[in-house]
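Below are two complexes that have chain A in common, paired first with chain B and then with chain C.
And now, the complex of A and B:
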């Protein structure tokens, strides 16, 4: 590589969190005019190294250079001012304030005239920043709560781009985004590259990385393993570098037999949800079926998951648990009937961040580990340990707080919490978000096993490949109604489905 | 909605609680055959109580909205009065300036106390409630040790006690409000206050300086307690040092105005909202006196008012929600019947 183009260099960078070694003497080089992919298993140190570059946290030891000069930003504002902007993996906005305030957080001083910060000037500039990334439909003067999670990520993108960075870091953002958000991000990354700036792109989606990146850097357990140029991209090789051994070929389900029993277990009849667009929607789900649900943003699919689980207000119609003949009243009732639900909004709905892994996982399985009113500590520990092992959750101990886990490991905790319960009907909303390929394969295998045991799975996802790879039947929603239905088949293509979505 | 109608609507909503509460109690007291509430002398009492508890509520609001519960505000009031007042007493200046000088001194000492509280908070990194209890005890002890434990006695110095006159106290309040409105709405400090209020962790991660911001909040709170102290001494003429955390009772009347202020913040400004709330509370206590309630009954009613208000605030979004639900349901049913035909 042409060393004139070198923009970032780390030398012997280390980061420890107590006994955990997150980065181990890493020498990373990032060049201009390139999109560099950063890949590695969950907990391999990707977020850690990029957040140190951006100024979110300091390194334990080692040196960094940016444009040839020593680099040691102490806050993200300082990092952004120097030219490194980062879209973080976790929630990166501040609630309770306007979108414009979020975009210029910490930089309000720019709008000061005669000692007064002008709100209207700020809103105007924020709107320009949004328009610049192609989000003209988001109004900068709204409160951030008025837009949905995906659009909030785009607001974060607008904030980062407003400071005109020379290096853009995108940390595992795309899985939280709908198709539209993804194409916005891809466009910006390509634009940056064409302007001879640099992009660091973190993702677990190998296909996405191979398509978008010019170069890929693999991390494993805090070590930089290798550095590959585009001609060297080869999926199995990359996976081998990631996990340090050969991985099995098996990923999605291998059979293409989409036939399921006639026995209906869930009957969703003419349902309209309180929030979102879902309107007069009906479907039936069968025993032993993996039902995939997909669509564009705002299509109502996430609300559908909540409706089925009794977590969402139903305005018309009903959801019936057919084996018991009961209409589902609320989430507690649904759990009692043997249902489980993995929410998409993991930080708010699915996890208690300030509680331990142990408490989070056992909370959904309390009836499996109790003896009358008592929780048996040994049984609890065994129960939790089993989930930690099956999903290879990377943690210091099961008593570690969930908030200190890497993004993908948090997701595994959510998954483990419900898998362990042995539910008859499991609703999964973006279950593999931010999870590395190895664990994804394990999750798919678990889902397939459950199907074989006659359990029913409703899988809602933004990832078409996953839906096509796993579902017996696939429903596509559009504007809150059914737009298409596909049976499992070897011939089914993403193209066909996208046609139906738009 | 055009800009001017929006501004008009916001002004109406902001002032509505004050007008409604005032008219309500005016009606009730007259119905019970106890006229006198809300007019003449009683209006003056309400005005005084509004300014006095308004200052305290403003002080508490700067820290509590960011989750810092501060027990020490009462002890700041006492200490700043004892120190600032006794110094002012010794300095000889011509007539109205003595009273002004006292305000300046008391408020400065209050701000200094606030600075000390703030430094304790950021240096000790303990929960703010714990820190503030310790700070309160220290301030109480200092107040007790100074000036032979005499506190501050000013009843012979009417020239220093001009601040109970309504026009004077309103000028004081208006000046303070102007400064606070400026600080909270048009400065970086104010913007930081709002971003630190809810999503603390993310704001800090991006680089908003939480430490500086909280120290400034403590200083503002201290200064405001100085103003409250001025109102207190002007009315009572004397303040004795207190011990055993009894100073914490000074913040009792802060809560109702503060919650009302927070609820009104989105229509105008939190500071103004707090003062509207302080007016409502002053009306409530005066009306209760007219209705024959004793002091303990007044305390109970105040607590009930806080509860009722919080219940209302945490539920009122439901009205809008129900309306949206009704509309969507009608749409859905309309679609179904159209399909049947």
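And now, the complex of A and C:
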């Protein structure tokens, strides 16, 4: 590589969290005019190294250079001012304020007129920033809560791009985004590259990385393992570098038998949801079925998951648990009937961040670890350890708070919380979000197992490959209604489904 | 580093207690640990501890109750009247329990069903209770158990100590078991930590809150009864400082007042000991009451600040 283009260099960078070594003497080089992919298992140090570059936290030891000068930003604001913009893996916005205020957080002074902040000038500039990345449909004057998770990520992107960074870091964002969100991010990344700027792109989607990146850097347990140029990209080689051994071939389900029993377990009848995102929607779900649900943004698929679980108000219609004949009233009732729900918004809805792995996982299984009124600590420990092992949750101990886990490991905690309960009907909203390939394979195997035991899985996902790979039947939603239905088949292609979505 | 910091932080409340004791032993030249003052210290600590331990559940599940003082006062006054009217310890105890439970259930229902922030409701409730006490007592400022229709037995120091210890140890042990070895404690922590998660996990927030308030009601009733038996009288301002003492106690005991996963029963007992030593130490130094109040406020703010600071730096977005 042309060393003139070198923009970021770390030398012997280390980061420890107590006994955990997150980065172990890492020498990373990032060049201009390239999109550099960063890949590695959950907890391998990807977020750690990029957040140190962006100024979110300090390194334990080692040096960093940015444009040839020593680099040691002490805050994210300082990092951004120097020209490193980062879209973080977790929540990167401030609640309770408008989109415009989020975009210009900390820069309100720019809009001061005669001593007061001009709201209209700020909204105007924010709208420009949004339009600039192709999000004309998001209104900058709205509150951040009024838009969904995907659009909030795009607002973050607009904020980062508004400060004109020389290096853009995108940390594991795309799996939460629909096709449209992804193409917006890809366009921006390519634009940056063509302007001779640099991009660091973190993702667990190997196909996506191979397509978008010019170079890939593999991390494993805090060590930089290798550095590959585009011609060297080869999926199995990359996976081997990631996990340090050959991975099994099995990934999705191997059978193409989409027949399921006739027994209906859930009957969604003519439902219109309170948010208005689901309109007169009906479907039936069978025993032992993996039902995939997909669609573009705002198609109502995430609301559908909540509606079925009783978590969202419905205006008309009903959701019936057929075996018991009862209409589902609320989440507690649904759980009593043997249902479980993995929310897409894990930090706000699925986890108590300040609680330990143990407390989070056991919270859904308190009736599985008791003896009469008493909780048995040993039984609880065994119950939690079982999930930690099955999903290889990378943690210092089960008493560690989930807020200190890497993004993918948090997702595993949520999954484990519900898998442990042994639910009859499991609703999974983006269950493999941010999870590395190895553990994804384990999750798919678990889902397949549950199906074989006659359990029902409703799998809502932005990832078409995953839906095609797992579902017996696939429903595509559009504007709150059913746009298409596909049976499991070897011939089913992403292309066919995208046609149906748009 | 992080790991050891967490472990060290668990011992902060005990360090705090030791520092306060050492400081006031020196400042009062040992007077605070002398016979009579130690005795009065323990007596106060017991009432505060009983109320605080019960409050751990309430604050733990995210209910900010500012009316502990008023609840305690009303309980003691009605209990006292019942004792005087009947001349029976048993009736007195029953009246204490009934009053405390009714008031706690009332608060619990508000917390469970009413959308208004609970701290506002309980501030108002605190005022209402103090006013009601004045109405009930009319022209009297104190009521005396010695006015009872039949004499209520009085206890000597040894007997009183035994009652104190049985009440406190019994309540403490029951609460530790409920909190650590039944589902209740886990539910309280999850509910206080994130109500949305609690709901999606199928926890019944109404039940959890009601049970928490009932437990705190039992603590208040025990505190009122023990105090009645010891002082044999109750004044209209009894328990006035209890509301703030409980909150300071919980914070000094190492749990956030917003509840959640760091809730622990030990916070009630260690915190109660620390705040009691602090209160009596300050008054033994002969400081003005106003100064003492300011001092308490400063300590309260300092502890809350330090606690929230460590919390914030740990929540890096990733």
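We adopt the following convention: the second predicted complex is superposed on the first by the 497 of 502 C-alpha atoms of A that agree within 3 Å, B and C clash if a C-alpha of one lies under 4 Å from a C-alpha of the other, contacts with A are read in each partner's own complex, and residues count from 1 in each chain.
By definition in this document, a residue touches a chain if its C-beta (ideal position, glycine included) is under 8 Å from a C-beta of that chain, and two chains touch if they have at least 3 such contacts.
No experiment lies behind these values; they were computed from the predicted model shown.
**Student:** Let's test your reading of the overlay: on chain A, do chain B and chain C clash or fit side by side?
**Tutor:** clash
**Student:** Should A:336 be classified as contacting the first partner (chain B), the second (chain C), both, or neither?
**Tutor:** The second partner, chain C, only.
**Student:** One more residue to check, A:91. First (chain B), second (chain C), both or neither?
**Tutor:** both
**Student:** Once chain A of both complexes is superposed, is A:47 in touch with chain B (first), chain C (second), both, or neither?
**Tutor:** Second partner only.
**Student:** A:264 in the overlay: touching chain B, chain C, both, or neither? Say first, second, both or neither.
**Tutor:** A:264: touches no partner chain.
**Student:** Identify the partner contact of A:56: answer first if only chain B is touched, second if only chain C is, both if each is, neither if none is.
**Tutor:** After superposing on A, A:56 lies in contact with both chain B and chain C.
**Student:** Of the two partner chains, chain B (first) and chain C (second), which one does A:446 touch, if any: first, second, both, or neither?
**Tutor:** neither
**Student:** Of the two partner chains, chain B (first) and chain C (second), which one does A:311 touch, if any: first, second, both, or neither?
**Tutor:** Second partner only, chain C.
**Student:** Looking at the overlay, what does A:6 touch: chain B (first), chain C (second), both, or neither?
**Tutor:** Touch partners of A:6: none, neither chain B nor chain C.
**Student:** In the overlay, work out which of chain B or chain C sits against more residues of chain A.
**Tutor:** Of chain B and chain C, C contacts more residues of chain A.
**Student:** What stretch of chain B clashes with chain C when the complexes are fitted on chain A: 78-86, 96-104, 240-248 or 276-284?
**Tutor:** Comparing the options 78-86, 96-104, 240-248 or 276-284, the clashing one for chain B against chain C is 240-248.
**Student:** Which parts of chain A are in contact with chain B and also with chain C?
**Tutor:** 56, 88, 91-92
**Student:** For the complex, give me every residue of chain B touching chain A.
**Tutor:** The touching residues are 182, 186-188, 190-192, 194-195, 197-199, 202-203, 205-208, 321, 324-325, 328-329, 331-333, 335-336.
**Student:** Residues of chain A touching chain B in their complex?
**Tutor:** By the definition above, chain A touches chain B via 55-56, 75-78, 88, 91-97, 101, 105-106, 108-109, 112, 115-117, 270, 272, 274, 279-280, 313, 315-316.
**Student:** Which stretch or stretches of chain A touch chain C in the complex?
**Tutor:** Checking each residue of chain A against chain C gives 16-19, 47, 51, 56-57, 88-92, 171, 309, 311, 330-332, 334-336, 341, 343, 348-356, 359, 362-364, 366-367, 370, 373-375, 377, 396, 401, 403-404, 406-407, 417.
**Student:** If we count contacts the way the header does, which residues on chain C are in touch with chain A in the complex?
**Tutor:** Counting only chain C, the residues touching chain A are 1-4, 181-183, 186-187, 189-190, 193-194, 196-204, 260-262, 311, 314-318.
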